Structure formats: structure tokens, C-alpha cells
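Lettered A, B and C in written order, each chain numbered from 1.
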């Protein structure tokens, strides 16, 4: 009796100890990053202003704002989305609605996993070899965006596939018995009920695309261009590369400037991610079946 | 081979003729040895205990096997004399066949759109015409009174019994030549069930009805002829009244019909 | 009442049928494009690098020599120092990230409840979203002075800096995947063990962890793959010196960082340019192998079930 109680007490102590240890490990991952974010805000926030966002960089990028980089990033992301979303959604439709359980389907899934795992700098090499040179787009927004599109394609495919699969199979069958074709069923029933999940995935993709640097370095992003690109065949500045450039390549940059760029970049990414998470939570509450 | 002879006897005016028919899921055989014919404008019911292969039979009639991985059938099924295996446009076939599932499935669309979907698929565009069809079908399915004020509500959020009747209304909206009912009354109260049975007797003038049911009394009340499926085989096919009077070849059939089953 | 016209065959194909067929081919094409892209990546980088592998470089020198001097009068292309750089940074990162992310995954999956779990998962997800160039900047301007101050070394950019940064970067992803693997262990196992009087950590240690072994291995492998292929953060935080490191404060240069730093300065088609694509082939093959292994390990679980 007494022994059993002692054992229980010992177990309870170990239990508590384990809980605290694991919580500690969790916090060790989170707290340092939060502290660093605090530093970024502390040093970068004073330099953030409306002018910072709307002015061009001045005096060898040691003064002025980030307007061309901001607009460049917007352009890169938009063109990348135009390329990757249609292909990614279509591929996800194939995998969720059509793909039979064969070696080819396995191969497609394997390709998607590997596409997501290829290092970003290798994507950059591919972009140079394929889009810049082979297809002759030169170093341009088009080449850089296509490189980004290839790189983030798995994000769209996987998130879309999952939201399509979440639509119950009975709905498809009910629709088929009415004489709807597979495509009519997808168009009228499956896609409308998966669209919010797909959008969540697209937002995630945007946040991923905004921060990418290596894939655009040699395919279309320029170190310094004090004006806006006129077409997709022009080069452009980008926020991510701008941060790299002013923090490593340019002498005599005032300390606050790169902090402000890093902060702006992080803000965009975190806001997009928070939006996609909020979107998901709202969706989970608003059930349609 | 009495079943085959029976099949021949109605073949002249048959809507459906099934010969040497079997259904398989991969290596598993769900149903085999089916030879039967269903006459135009009759109510044909299929009774039998669970796992008899009744639902598999219905699923082949509108070629859902083509959309179900691993599912296939052997033998021939003729619809109006055409072999449905050789049918080039299966969607056109399914458009002519209404189906009601045992578990109700309201599509996540408004009640109106649920019922208007099939007419829209066959090209009806005018609002007036759609409204007329929706109202007629919902009335026939004994649902109009309950939903007429909320046609914009989501069909998938109606109660189970309401979704069941919505499914019936949707099947009727196809204006089908053949109506397949798979235990349609499973989620509906007895009074409504009776109402719908009356509607079915009415609809018989316009279409052929094949009904899977585990309520033998329901089969007795409304069907002209019936088949007894058991353990993946079609045991017997005959006139409903005669079979209930004891005119059967297999004792199992009578045991089942009289409720004396294991 | 019947609106179908009986003049055409009852099974005639209409517009909807052909549209359906066309869309089926279209989405099939999109699905297969994933295969084409991964093959395309391999083909394009190999096309640029293969001439170098065949004609110019001695593979013994490539893998055996630490001398990477592509721009000297007698260029040398030894990748050993770069491989050592990648290996040391990734190794340190994994030493940090593996225990902590497994611990975090165990806490989130087995100990944290309801709201706390959701909050932690969201937080971890947000951390995973911080771009690598920002991590590089953090290494450069926040961690660098801290290392100099704490350890009294002249330069804070090196294996330690890059390893810590990379560890913090890889940890959220590993945590997420590991947590999924733990959640995939059926609750029935936990309940059965708890019914026999096991405490939570005993259940975790004896039932959940062995059950999730494959998923956890895959999480670690994917973390290694991620660290191995990371570019910007390593480029900015590792100090950029081509050398075989002696200690954690030494500066190193990773394979990825070398490509990022030098590709802009090379003439298209030159030996140096081709050498960088050869590094790309090496990166591609290794990450491909890692991802393939992770996939096979994960499939191992589903095969057993």
C-alpha cells in the first residue's frame, strides 16, 4: 500500500518534470525568435514611414525609401501567381478527382514532394538555364516569376488537393446520378465548396513567394533600379534582394535602414500568414454540411 | 432457368433486360446469376437481407461502376433495348435515370438549386420554367409545405427526413424514364412514407420504377413484380401478389416474405 | 413533357461530354507537369554542368581537395571545403533542432490541451514563415555581435552563427511534421496503455514514440534536407571563408552559398559557370535522395497498417 503510494508520487513527480521539460523545449524554439522580432521592431520601426514606402532609394541606397522594391515584389508575386495557380489547381484537381491508384499517380506525388524539397538555389540555376537562356526571356520579371512559380507550385497543389478531398464523396455521387459530367460536378459542387481552402493555400503561397531571394537573384531581380519596370521583360528590384544588398553589399548604410526593410518584409509575410490562419478558423466554424 | 423464361415473357415491352449478370469489386463478387426483365410502367421491387447485392445492382443500372474504382459488372443490361455497356455518353443515360439513395444527400446548394440542377443540366434556363419544375417536384416529394418559405436555405442543412425527400424531388426533377429508389423511406416517418408511396403509384403512369427495400410490406403494397436477392444471388423473380400467396420455387423466399428469416 | 428530342441517338455525345473529356486531359496534363518540371530541373542543370564533369574536372580533386579557387590563374575546383561547410552548419543545426523540435512536438501533441495546443501550433506556423533572407539578416546583425560579446571572438559569423540560425529555421517545420506523426498514432493505443495505469510520459515513451518512429524519422530527414539546401541564411551568417573548419567559431562557406555568391560574376558557359552548375547537380541529387528516403520511410508506416 505504502509502496504503491510512493510509486505514484514518484510517477507524478516524473510526470510533472517531463511536462516542464517538454514545455521548456517548446519555449526555447519560440522565445528567442520573439525576442529577435522585438529587436527588429525596436530598431526598424522608427525608420518606417509613409515616405519610406513611397520614395525611391537615394545616395547609393543609403537614404530614401523602398518604393521600386515594393512594387517589384508585387509584380513578381502577381506574375508568379498567374502562372502557378491555374497549373497548381488543375494538377490538384487531377490528383483529387481523377487520378487512379497507379504508378503514374505515385510518380506525380513523388515529383511534387521533390519539387518542394529542391534547394532554392537549384531552382535559381534551373531558372537561369531554362527561362533566362533556353526560352530567351533574359533576366526579367517573367523569368524570375516563372522560377518562383515552379518553386511554389507544390504549395498550391498540396493545399488545393487537401481542400478538394475534404468535400464529401457523396456530393459527387449525388451530382453524377443527376447526369452531370465529372467536370460539371467539379465546377458546380466540388470547387465552390473548396474555394476557401484553395484561397488559404494561395495566401500561403504569396507569403512564401514574397520572401524568396535566391531564385530571383540571377533571373530578374536587380540590385538597384531607381525606376519602375515597364513590362514583364524588364528587370526589377525586390524587397527580399534589397534587404540582402543593403545589409551585405553596400557600405555606410545607416543601421536603421536594413532593420526597417526586414521589418517590412516580415510584416507582409506574417500578416499574410495570420490572414490565412484566420481564414481557416472562420471556415472551420462555418460548416455547410 | 425460369427467370430467363420470365425475362423473355416481358422482353417485348421491357424497359430493362438483365442477362447473366454479376457485379464484382476487385476480386470480391457482390452479386451474380441475375436474369430478369423490368416492364415499362411497372413498379419492380427488390427485397432481401443486407449484403444481398441489391444496391450494387442499382448502381450498375445507371453505370456508377464507371465512376467507382475497382467496381465492374459482367453480363448484359439493356435499357430500351440498348446495351448500356456500349452507351457512348453515360451522362445522357444517367440523365434519364433518377436515383434516391438510402442515406439522404442534400447538395450544399440552396433547396431551389438542388432541385433545379438537373433541369439546368439539360438546358432549362427560364426562371419561370425552373420555378414550376421545382414546385411540382417538391410537392410530389411531400416537401413543398415545409420548405416553400425557405427555398434559399442550404439543402445540406435540412433534417435527415427532409433531405431524403429533397433527394426524391431532385430525382423527379430529372423527369426520368426510370426511377431507382434505394430504401427511400429509411429516414422518413410512416405517414410521409405512405404519401410518397401514393405518389409512386401515380408516377408509374409516366415512368418505370425499381425499388430496393427491406420492408417486405412496402414491396407488397405498391410493387407489381418483385425479385428476392439473397447472399449475392437472385433467388427468385415473380408477380408480387402471387409470391406473397406462396407461389414460390424456393422455400427461403417464402420464409423471408413471411418474416421467418434467421 | 419530355424535352429530349428523340431524333438523335439516345447515347449521342454532346458539348458537355466533349468539354468533360477535354478538361480530363487538361488536368491530367497539369498533374503530369510536376514530373516534367522535376525532370526539367535535372536536365537543365545537368546540361550546363555535365561538360565540366566530363572534360574539365578531376572528380578526385573535386571531392578530395579543399581548394576552391575558380578565379585564380590556375583555377582549382575542390569542393571539399564547401561540402565541409555545408555539413558542419547543417550538422550543428540538426544538433540544436532535432531534440528541441521533437520535444516541442511531444509537448504539443501529448501534453498541451485545446487552446494552448492551437496557440502553439499557430505560433510555430508563423515562425516557419519568416523568410530566409530575414534569418540571414538576423544572423548578421543580431546574433553576430552577441557571439562576439559572449565568447570573446573577433568575428561572430561562422558555423555557430549559421548553425543556430539554421536550427531555428528548420525547427518549426520539423516540429509540425513530427507533431503530425505523433497525432497519427491512434488514440486507442494511448487509452489502452493509460487503462493499465501508465502515466502520460510512460505512454509517450513506450507507446506513442515507437508508434510514430517512421514519421519522426521522416521529419528529421526533411529537416536535414531543408538545412542542406538553405541558401540565403547560410550565405549571410556563415562568414564566407573557404576553409576546412577547426572549431565552431570558424567561418565556412556552404555549397548553396557559393553558387549564390559567385554565379553573378561568371561568364555564361565558362568553366567557373559550369562548376557552379556542377555544385547544383550535387545539391539536387543529395536533396532528391533525402526526400525519396523520407517518402519511403513514411510509406513504410502505411504499408505496415
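To be clear about the criterion, a residue touches a chain if its C-beta (ideal position, glycine included) is under 8 Å from a C-beta of that chain, and two chains touch if they have at least 3 such contacts.
Computed from a prediction, not measured in an experiment: that's the story for all the values here.
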If you tally contacting C-beta pairs, which pair wins, A-B or A-C?
A-C
Per-chain Cα centre nearest the global Cα centre, belonging to chain
A
Taking CA centroids for every chain, report which one is farthest away from chain B.
C
So what's the Cα centroid distance for chain B and chain C, whole Å?
54
Chain centre separation (chain A, chain B; CA means) in Å
49
Between chain A and chain C, what's the gap in Å when you average each chain's C-alpha atoms?
15
Residues of chain C that touch two or more other chains: which are they?
16-17, 20
Residues of chain B whose C-beta touches two or more other chains:
91-93, 96, 121-122
On chain A, where are the residues touching two or more other chains?
181-182, 184
Could you pull out which chain A residues touch chain C in their complex?
11-12, 14-15, 18-19, 21-26, 28-30, 32-33, 36, 39-40, 86-88, 90-91, 93-95, 97-99, 104, 107-108, 110-115, 117-126, 128-130, 133-134, 150, 153-154, 157, 181-184, 186, 207-208, 210-214, 217-218, 240-241, 243-244, 247-248, 255, 258-259, 262, 265-266, 269-270, 272-274, 277
What residues of chain A sit close enough to touch chain B in their complex?
100-101, 170-171, 173-182, 184, 188-189, 192-193, 288-289
What residues on chain B touch chain A, complex-wise?
62, 64, 67, 69, 91-99, 101, 103, 105-109, 117-118, 121-122, 154, 156-157, 167, 170-171, 174
Spell out the part of chain C that touches chain A in their complex, as residue ranges.
16-17, 19-20, 23-24, 26-35, 37-38, 40-41, 44-45, 47-48, 99-101, 103-104, 106-108, 110-111, 120, 122-127, 129-134, 136-138, 140-142, 168, 171-172, 175, 199-202, 204, 222, 225-226, 228-232, 236, 256, 259-260, 263-264, 268, 276-277, 280, 283-284, 287-288, 290-292, 294-295
With touch defined as at the start, can you tell me which chain B residues reach chain C in the complex?
80, 82, 86-89, 91-93, 96, 121-124, 175
